[in-house]
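Labels for the chains are A, B, C and D, by order of writing; each one numbers its residues from 1.
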Amino acid sequence: MGKVLMKGNEVIAEAAVHAGCKYFFGYPITPQSELVAYMARRLPEVGGLFLQAESEVAAINMVYGAASAGVRVMTSSSSPGFSLKQEGISYLAGAQLPAVIVNIARGGPGLGNIQPAQSDYFQVTKGGGHGDYHTPVLAPASLQEIVELTKDAFDIADRYRTPVILLGDGMLGQMMEPVEFTEGTEIRKFDKPWATTGTRGDGTPRTITSLDLDAESLEKRNWELQRKFAAILENEVRFETYLTKDADYIMVAFGTVARITMNAVNKAREVGVRVGLIRPISLWPFPEKPFLETRGRVKGYISVEMSAGQMVEDVRLVVEGHAPVDFFGRTGGIVPTQEEIFEKIMMAARGVTV
Amino acid sequence: MGKVLMKGNEVIAEAAVHAGCKYFFGYPITPQSELVAYMARRLPEVGGLFLQAESEVAAINMVYGAASAGVRVMTSSSSPGFSLKQEGISYLAGAQLPAVIVNIARGGPGLGNIQPAQSDYFQVTKGGGHGDYHTPVLAPASLQEIVELTKDAFDIADRYRTPVILLGDGMLGQMMEPVEFTEGTEIRKFDKPWATTGTRGDGTPRTITSLDLDAESLEKRNWELQRKFAAILENEVRFETYLTKDADYIMVAFGTVARITMNAVNKAREVGVRVGLIRPISLWPFPEKPFLETRGRVKGYISVEMSAGQMVEDVRLVVEGHAPVDFFGRTGGIVPTQEEIFEKIMMAARGVTV
Amino acid sequence: MGKVLMKGNEVIAEAAVHAGCKYFFGYPITPQSELVAYMARRLPEVGGLFLQAESEVAAINMVYGAASAGVRVMTSSSSPGFSLKQEGISYLAGAQLPAVIVNIARGGPGLGNIQPAQSDYFQVTKGGGHGDYHTPVLAPASLQEIVELTKDAFDIADRYRTPVILLGDGMLGQMMEPVEFTEGTEIRKFDKPWATTGTRGDGTPRTITSLDLDAESLEKRNWELQRKFAAILENEVRFETYLTKDADYIMVAFGTVARITMNAVNKAREVGVRVGLIRPISLWPFPEKPFLETRGRVKGYISVEMSAGQMVEDVRLVVEGHAPVDFFGRTGGIVPTQEEIFEKIMMAARGVTV
Amino acid sequence: MGKVLMKGNEVIAEAAVHAGCKYFFGYPITPQSELVAYMARRLPEVGGLFLQAESEVAAINMVYGAASAGVRVMTSSSSPGFSLKQEGISYLAGAQLPAVIVNIARGGPGLGNIQPAQSDYFQVTKGGGHGDYHTPVLAPASLQEIVELTKDAFDIADRYRTPVILLGDGMLGQMMEPVEFTEGTEIRKFDKPWATTGTRGDGTPRTITSLDLDAESLEKRNWELQRKFAAILENEVRFETYLTKDADYIMVAFGTVARITMNAVNKAREVGVRVGLIRPISLWPFPEKPFLETRGRVKGYISVEMSAGQMVEDVRLVVEGHAPVDFFGRTGGIVPTQEEIFEKIMMAARGVTV
């Protein structure tokens, strides 16, 4: 169909439809409402179902139900609404159900505002809900990348039987860019013998639950979950590096902030500062490799975030003191500018740490 | 009144009453229901109010309302119910409201079971809700310590205008021990000029909100919050060390697991292994000092948890590669035994890492 | 497909499907849960949608949404759950939306029990919700009649743009009888230019609402509603008479009670008592004609109900003092027996009034 | 305290406080929100409790809880919110719990508007909820009468263990008039041995429930309820007549409409038309006596209502065809004027029926 000009929120929705998602349960909240509206119009066209639930809590539990039946299903929200889904996400993880959950984050905490933010990083990567679980988190930086990662999100969800989070921010959701949807791409089919679609005469009732009152048995389940998480850590790391080979300083940024940071890196290169960029695409699993390869020789890392400093903790965990890890961030919905980041780089290059 | 034999859940409730808490909004869930039941009976006796809300979401928002009026207020739950409170906790943090929130954690993820667990560590320490915020987390290891820490929790809440989390596990909630409540202790009074109790003629309406549509203004608020968090990091760290001075190996454990681990440490000492214990009492702020003091000379740390490994990440963050950090855990509601931990110590002493 | 043996609740469901109903939103409650369960299995087979809502309140509002889109939609419940729908029914009536709402009534008031009852007569006929509205109410007495009346209910709903209530009791819902669904009957199609399915380029946005802040305008709407109700009173009266021509006494009964009463009438006829039966099939509009034709010459009417006396008020309203109106009822889920009713007839024949 | 100028909604609230009501659970809705706001401020002053619930459904169930504990409790709403309470009212009636429920009715059906209306007459008098029950309904016509009737409402509630409804309209709620609260009036105390306030050692647990799974037992309960309703019908009828002695025509009106009608009656008397007024103060029980005394000699009755005609049905029920019963009404929030009603009287006097 060639390139079309769309909003980020709409691209997520259309990419989900292209990935075979026919079910969406959600509740509108700025700045992700266009996604909900798009699905309301689009899903009936493909024989799917859109339902605006009574609340975020209702929506995530409907996702649980649909996922149990083995279909591809999505919900989406923005920060406060996403918090309301934490119990449900833990249930999905515990019951090993595939689903894609979108968080187009906004300024927080609390009601905050409707400007872009990345301050839900901890919530999505460390487990905002209770219990030992992780969810893969993918963070696209452009609308074209949304197309790919949304498809990947559904594939990862099905392959590992896990909820997968697609994390964007209000800027990504609202911006318009030309994108191309590859028609005719086959939707990867996953066998789902566990789905509660009837026993088809085999006499073995199927049960989807996260309840297990026997401690021995629940522990067994937990180690099984941990083995799955280990496999995801092994296979599903995604990142991009830019000019890191000879870099003295390495910037770390994800999502839209990575784009702005890349411009700042280019500008710094123009004035002779050897700086590079690591862009985590999967936030969990966090990409360790590019840090392990560079931590012995660089003069420092600078994590740039639209938060008061969250991903920087994961950077410190992998750098393990081999190099200084610095942070630059803006919060409350303020997007850092290229100039600010450039300035931060230059200060680092001059040996100034703030 | 001398020593009385009580259940852990009841001790939390009675300690809250002693701390001047007159308002409780909650919803029963095993294994913390005794706390709710105790408050239902007890609060009317002190002219207070108990209300069983429609849901966890309702309860945490009622806490928001009561806290806005400047009174001492508490809610409590267990893991799944606690997840439902994440949006509300972020609102409390954003609006800077003091409240004490109890989580008597159980096996997860999802419904899990009703056995003890520590697998909500990430949720309580990293921010289970959205936005840049932290909540102080206190983790008592005995019923007598509950008495002190519950009082501290209310004082910290009021001093910093912040929600404070009291984290226990099902074992702590259900066990019975003799405790003593010091009568006549004065309840620390905090001036609350911000409380929405009327303008008393000063003409300045008071507003409690976490909403701030202006990004500049919300960022200002966020840095203000960060300064508060820095002050808490500075002033409110609590921990206990045991035989760490000459230790080759240091165990790290909190809550009830720390008690079991201490026994294992004693047993290892008996056979000549020089092992100690760091017991974080505040989980956030995480106690860095005892690690910074020892990380240069010990042969290793072992974090023992009723989880698949969560606090161990905070240990690694502070140890920064200066010594190996190992982990031993049980999940799904299984409580590690003294023997298992002793065995783990002995394996470390023998140079075996698993 | 010939005759099939089914439960009453299932017959309602299958009859709805035959009437072109593809959408069902509900919540299980004894004694109507089989209806919900049947729809859950059946609707996907015809490309429809079944959704178990969070609550009765949620379900009726989903019905509002689906009806706004012009599709045939149903919900069902039993007495307490039906009460929860009162606000929603008033909204449907106010917004002039077609829908079929089933009440398989049980013993009340309050939680009551799960036995059959007719004590929701007032609620369904006088308007359980607020404001000036009526809903047509159809009360089948047999499973075969369910087939016809369910179809009629959808046709009346669409023709007059009104919610229609199908009232049964637990006995009707639970009993099994052979029924026949006429295949190939055409589903009557109604043009719905008001449905919010897009303007299709005509530039006139469609709005479905019961809100009208202007009093003049809302009064105009109300008189419009009243004209519609007058048309229903004119055209949609349904009843059956049995041996009323020469009757000295006329029994009045609806639903399953009418069947039992008919047997009692037969038995009384055998012993020479000239008694007949008026069976209202539409409860609103209440059938006045058979009363106006007989009130001048009969010795009395006896309303037999599974209630403490509700329909008897409508009988009195139409008889207007021209003959005595007596009542016999059982409540609390007790079904009156043929013998009791026969005895009541005999007492009347002997001139005894209780 | 002498006369004070207050709004009708506030008068209800203050009168409730004077009647010893210390508990209020509600949710704001125009045109009754002042009542909620007043209670929020006032109840803490008398050691009581105000709680704004999550919804109308929550509020009425909190009333159920408080009433079970034997305290005087109130909730209030306006038409749509009142519909949401129907399940709860049936539960209160079934469990025989005293409570006062205010409905300041507005234009309907559905959302309607926020203007005055009387179109919830059927809902309050015939039983908007399920099952065989009635609730006494009191309809004040002036603010001073509110003071008396609110007190009466609580006394009737306690005496008969029944929910009592206070029905007003938006005009009554919003108008201001000077009222006098008699200080020092003793609050009538009712013994409540059934209240769930502990067994006090008598070993007999108290249970408040409307559930009774045994049909025999539930029927017994129902006849017990019916006996109570009969006693209320006997003892609690309230009405006022005006110039009915020699009247050829009798107007029937309640609440604020009765005041306007009285003016029209006066005007008609001035031109020699002998017309009177019956003002039902209790709507259930509906006052039969003034009709039975006049139906044999008057030329007709005219029911004047802010509805499409609801009370007129009760007039017809008691007049039983002995005289023509006519109706005049305005709907949608329109208040009938004195002139319109006068005109209606004159048309009747001239023998014109519309």
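One rule holds for everything that comes next: a contact is a pair of C-beta atoms (placed from the backbone, for glycine too) under 8 Å apart; a residue touches a chain by one contact, two chains touch by 3 or more.
Because the structure is predicted, anything quoted here is derived from the model rather than measured.
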{"item": "Partner chains that chain A and chain B have in common", "value": "none"}
{"item": "Taking each chain's C-alpha mean as its centre, the one farthest from chain C", "value": "B"}
{"item": "Chain A on chain D, rotation in degrees - Cα superposition, rounded to nearest 5", "value": "180"}
{"item": "Rounded Å distance, chain A centre to chain D centre (Cα mean)", "value": "57"}
{"item": "Averaged-CA centre spacing for the pair chain D and chain C, given as whole angstrom", "value": "28"}
{"item": "Chain centre separation (chain A, chain C; CA means) in Å", "value": "51"}
{"item": "Sequence positions of chain A contacting 2 or more other chains", "value": "none"}
{"item": "Contact graph of the chains (line, ring, star, complete, other)", "value": "ring"}
{"item": "Chains grouped in pairs wherever the two touch, ordered by label", "value": "A-B, A-C, B-D, C-D"}
{"item": "Residues on chain C engaged by chain A in the complex (per definition of touch)", "value": "49, 51, 53-54, 58"}
{"item": "Chain B-facing residues of chain A, complex", "value": "57, 79-84, 86-87, 90-95, 105, 107-115, 117, 119-120, 122-123, 126-133, 209-223, 225-226, 307-310, 313, 316-317, 320-322, 330-334"}
